[in-house]
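In what follows, subunit A forms one complex with subunit B and a second complex with subunit C.
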Partner chain A sequence: MMLSVKIASVAAFLAIVFIAVPVLIAASGRTDLYYTLTSVALLSIASAGVWFTFYIGRINIGQGAYALMGGYVSAILVMNHGWSFWPTLPVAGLFCAAASVLIGLPILRLRGVYFAMVTLTLTEVARLLALALPITNGAKGIVSIPLPGALSVFGLTIIPDFATLQNSRLAFYLLAVTLMVVCFAVMYRLVHSRIGKLCQSLQQNEELASSIGVNIAYLRVIAYAVSSFFGGVAGAIFAAISQSIYPSSFTVTDSVNFMLNCFLGGLGYVFGPMLGTLVLYFGWDLLFQTGQFQLLIYSGLMIVLMLVLPNGLLSLALPSRKS
Partner chain B sequence: MEQVIANGLYLGAQYALIALGLTLIFALMNVLNFAHGQMYVLGGFITYTVYGQLGLPFVMALLASGITLAIIGALMEKFLFRTVIRRSLREESTMLLAAATAFFFDAVILLLFGEKQRGVPKIVKGVFNEGGIIMPYDRLVVGALALIFIAAFVLYMQYSRVGRAMRALAQDRVAAQLMGVKVDRYSMIGFAMGAMLAGIVGGLLVTITGVNSGIGGPISIKAFLMVMIGGAGVVGGAIAGGFILGMMESIGLTVLRQYGDVTYLAIFAALMVFLSIRPNGLMGKPWG
Partner chain C sequence: MADMLEVSGLTKRFGGLVAVNNVSFSVREKEILSVIGPNGAGKSTLFKLISSFLRPTSGEVRLKGERISNLAPHIAARKGVVRTFQETTIFKNMSVRDNVIIAHHLRSRANLFGFFLGTGTAKADEAAFGQSADEILALLGLASLAGETAHNLPHGHLRALGIAIGLATNPSILLLDEPFAGMNHDETMRMVAMVRRLRDLGLTILLVEHDMPAVMKISDRIVVLNFGQKIAEGTPSEIQANEKVIEAYLGSEDEAIGL
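Entry: the complex of A and B
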């Protein structure tokens, strides 16, 4: 793709999410859409993490565990230790990344279905831990977390106090979308860097990669940590938006959904998870009117999509790499 | 102590039967069947309808569960999984399909049978109480039936023509095809058998624990655990995994009772440690 086309499409995307969407929502008065779009943005951050583990050839169904962990870290720091929300955001991410290094060192040796199954049970472990640990307040969860306060650097207020804002939904939307843009920019940069190429070599053949001197053990732990960092950050903001976190906030279903978002968007494309999340989340919302048939139609459509486009939605627009 | 072991054996027999179906499908197709728990629930509801509602004999209900699920499994393989495997660039794509079918089954079960917990009349009344072991007779019957099904399955895989073909397929798909094994046909039979096993366990257990539409996911997770312990795609591994998980659950519920509901937490932790030492489970082949 030409550089100018790239810049133009990025500019168009930014214009849409930062200007067009708020203007349209203000014009139509559908402020409830803010919440939907914020969720899409956050879920796509978590899905981007899952996508990156796909990129090293691992099927990750454990992102819900890190999202839950991130949410709890942020909530506990704000509630019990009196932190402001903003520093807890990177701390939650880093905590998840550190945890994922510890967990990842043994389990990243597993491959294929074994890794998928272990990460799936990891989500269940996180839920059970949240129920059992005293600091997480068990099944009652942590509730009435205050909204994020003001953030100022050298006396200059960068982000106003969310509680004083008239429209905190818009503020959360802008926050989530900004993070999403940053996250996908980072992903794009990562994938097109030297590390990205090395990760791709892991996806194709780990033994071969290792034989030509790629440090596979190090790389896959790094990739998993990056993935979990995104999960933790997304979970922390979710806790702040809903002002609560429960052991059931992120369950196995969420973990599976993160994986499905990646599949649906297409595993070969960096922006696949974003598109997949948008389509799945909105599809689910739109089908709400069908009442009890919602899940039936939704899953039926998913099966049909899979039969028609087994390589993801973006495989329509972009030529397949294999051919 | 005897009680704990007896409970563990009983749990193990039914768990092993669940894991067998999952591991069979995995061995033949390299598909991780997320819908396994949902198939179990479907089997349970069919037995509930035929035995509990219509009042027909239990054996017929069990047969109905098994046959219905076998047909569903065969159709799933033929029209869904085979197509996707052929068209997809990465074989992991079947996981999306499997997850979608799991959601689909959930929806169908919810629409057809509602969300209530359902149970059926006991098949055998009375309680066995001797030598410090207390065990209702129906559990003994179900445990024995599960053991018979496991034995029948193993013998069938070992000595029948179909079983031999499927073992060849699991060992090396291409080589089996070159030797004249009809790969497509035996994949379909294998998928049908895996689904049938899930349906049969569902039918067996509905007489004891009952069934409700929400337990499909947790059952799938338990089946994954057993397969991980024993090693994916190995019949012996699935049986071993089932009995080990049953035993651990039985012991954990007794020993860890005073600490609250932490049995599964302990099992998961033990599994992590175990898998870091033996990544392929007890008997599994390396996968990659």
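Entry: the complex of A and C
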């Protein structure tokens, strides 16, 4: 793509999410859409993490575990230790990244379906841990988490106290979308720098990669940590929006959905998970009217889509653009 | 000439099976040394031991006097022992040029964070790698295919790409695993000429190969393995006259050892 086309499409995208959407919602009065779109933005951040593990050739069905972990870390720091919400956001991400390094060191040696199976159980392990640990308050979860307070730097208020806002939904929407934009900008940069090439070399042939001197163990742990960081950040904001976190806040279904978002959008495209999340989230809601057939139709459509469009929805719009 | 690589008393057991048994030899600087032997003689195991893809049961491998056995493969590569693969192992979904560029990884001075931020060092690295990749592709006759996706290449070119990837790491010694396997006569002769040219450019090459006529043509010296043991070492003409070698290949056509 030409540079000017790139800049124009980025500008158009920013204009849509930051200006057009709030204006349209205000005009139509459908403020409930804020919550939906905020969820899409956050889920797409978690999905972007999953996408990055796909990029090193690993099928990750365990992102729910890190989202849950991030949510609890933020909630516990706010409730038990009196932290403001804002610093807990990066801390939750870093905590998840650190945990994923410890978990990843042994399990990233596995490939293919074996890695997928282990990660699938991670979410369940996280849920059971949340039920069992004293600090997470068991099945009752952590509730009545206060809304994010004001964020000031050198006495200058950058973000006002959410509780004093008339429209905290808009505030959360803007927060989630901003983070989504940052997240995808980081991903884009990662993939289009040499790091992306190195990750591709892992995806395509780990033996050859190590024979040309790539430290594959180090690189895949780093990639997994980045992935889990995104999961943790997304989880932390979810806890703040719903002002609560339970062991069942993120389940195996969520982990599977994060993966499906990537498949649907396209594994070869950085912005695949964003589109995938949007389509999947709204698709599921639209099918609600079909009642008991919802899951059947949904699953059938997913299978057909994977057969017809193995490279995802974005492969329709963008011609195949390899490496 | 000085020894580049020194293999001493190398042994590898898999359970009760001794795949490589007390093998010693050395590779001199700027020579082509071939390891040959009948099927199951332990050539591939020896190859993996030298490139640190396997750990020896006993014995050691030294590169310019420095012990390199028992290291991780990427560390061995960093020290200068780089292998190509028996299968046509390449990065299939990258362009030919990207395959070679990525193989310059060892030479990069910027770290991962530098690449992410796009620092001056990282940019200089990228430019240098691109230029070097173009030179290597031209050397191996792949320049016209630089933009092609690697998995579309015909067999002979894939092998050349494998060698290009090896060259890009700037190795002290390049290990070629059956570079002529599956090639017809013309392709083999072209590959022989190419490998000799690399040697003339100052590279030390160790290769494991089945194709006897090609080995006889290409090698400065030959090491013969049978049942995991070294049974002979010498120049191609010495090997062709060696009783033990003829015995080991008995039952196969005389033609097989180039007689």
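Here, the second predicted complex is superposed on the first by the 320 of 323 C-alpha atoms of A that agree within 3 Å, B and C clash if a C-alpha of one lies under 4 Å from a C-alpha of the other, contacts with A are read in each partner's own complex, and residues count from 1 in each chain.
In the analysis below, a contact is a pair of C-beta atoms (placed from the backbone, for glycine too) under 8 Å apart; a residue touches a chain by one contact, two chains touch by 3 or more.
Since this is a predicted model, take the numbers as computed values, not measurements.
Participant: Could you say whether A:252 touches subunit B, subunit C, both of them, or neither, answering first, second, both or neither?
Facilitator: first
Participant: Please work out whether A:114 is in contact with subunit B alone, subunit C alone, both, or neither, and reply first, second, both or neither.
Facilitator: In the superposition, A:114 touches subunit B alone.
Participant: State whether A:132 touches subunit B only (first), subunit C only (second), both chains, or neither.
Facilitator: A:132 sits against subunit B, while subunit C stays out of touch.
Participant: Decide which partner touches more residues of subunit A, taking subunit B and subunit C as the two options.
Facilitator: More residues of subunit A are touched by B.
Participant: Kindly classify A:95 by the partners it touches after superposition: subunit B alone (first), subunit C alone (second), both, or neither?
Facilitator: Touch partners of A:95: none, neither subunit B nor subunit C.
Participant: Is A:307 in contact with subunit B, with subunit C, with both, or with neither (first, second, both, neither)?
Facilitator: First partner only, subunit B.
Participant: In the superposed arrangement, which partner chain does A:72 touch: subunit B (first), subunit C (second), both, or neither?
Facilitator: Once the two structures are laid over each other on A, A:72 reaches no partner at all.
Participant: Which of the two partners, first being subunit B and second being subunit C, lies in contact with A:229: first, second, both, or neither?
Facilitator: neither
Participant: Show which residues of subunit A both subunit B and subunit C reach, each in its own complex.
Facilitator: The overlap between the subunit B and subunit C interfaces on subunit A comprises residues 322.
Participant: Spell out the part of subunit B that touches subunit A in their complex, as residue ranges.
Facilitator: For subunit B paired with subunit A, touching residues are 26, 30, 32, 34, 80, 83-84, 87-90, 92-93, 95-97, 99-101, 103-104, 106-108, 110-111, 217, 221, 224-225, 227-228, 232, 260-262, 264-265, 268-269, 271-273, 275-276, 279-281, 284, 286-288.
Participant: In the complex of these two chains, what residues of subunit A are touching subunit B?
Facilitator: Residues 54, 59, 103, 105-107, 109-114, 116-118, 120-121, 124-125, 128-129, 131-132, 206, 252-253, 256, 259-260, 263-264, 267-268, 292-296, 298-300, 302-303, 306-307, 310-311, 320, 322.
Participant: Quick one: in the complex, what on subunit C touches subunit A?
Facilitator: Those in contact with subunit A are residues 51, 53, 72-74, 77-78, 82-85, 89-95, 98, 101-103, 105-106, 108, 112, 115-116, 118, 122, 125-126, 149, 165-166, 168-169.
Participant: Could you pull out which subunit A residues touch subunit C in their complex?
Facilitator: 189-190, 193-195, 197-198, 200-201, 204-205, 207-208, 210-216, 219, 222, 322-323
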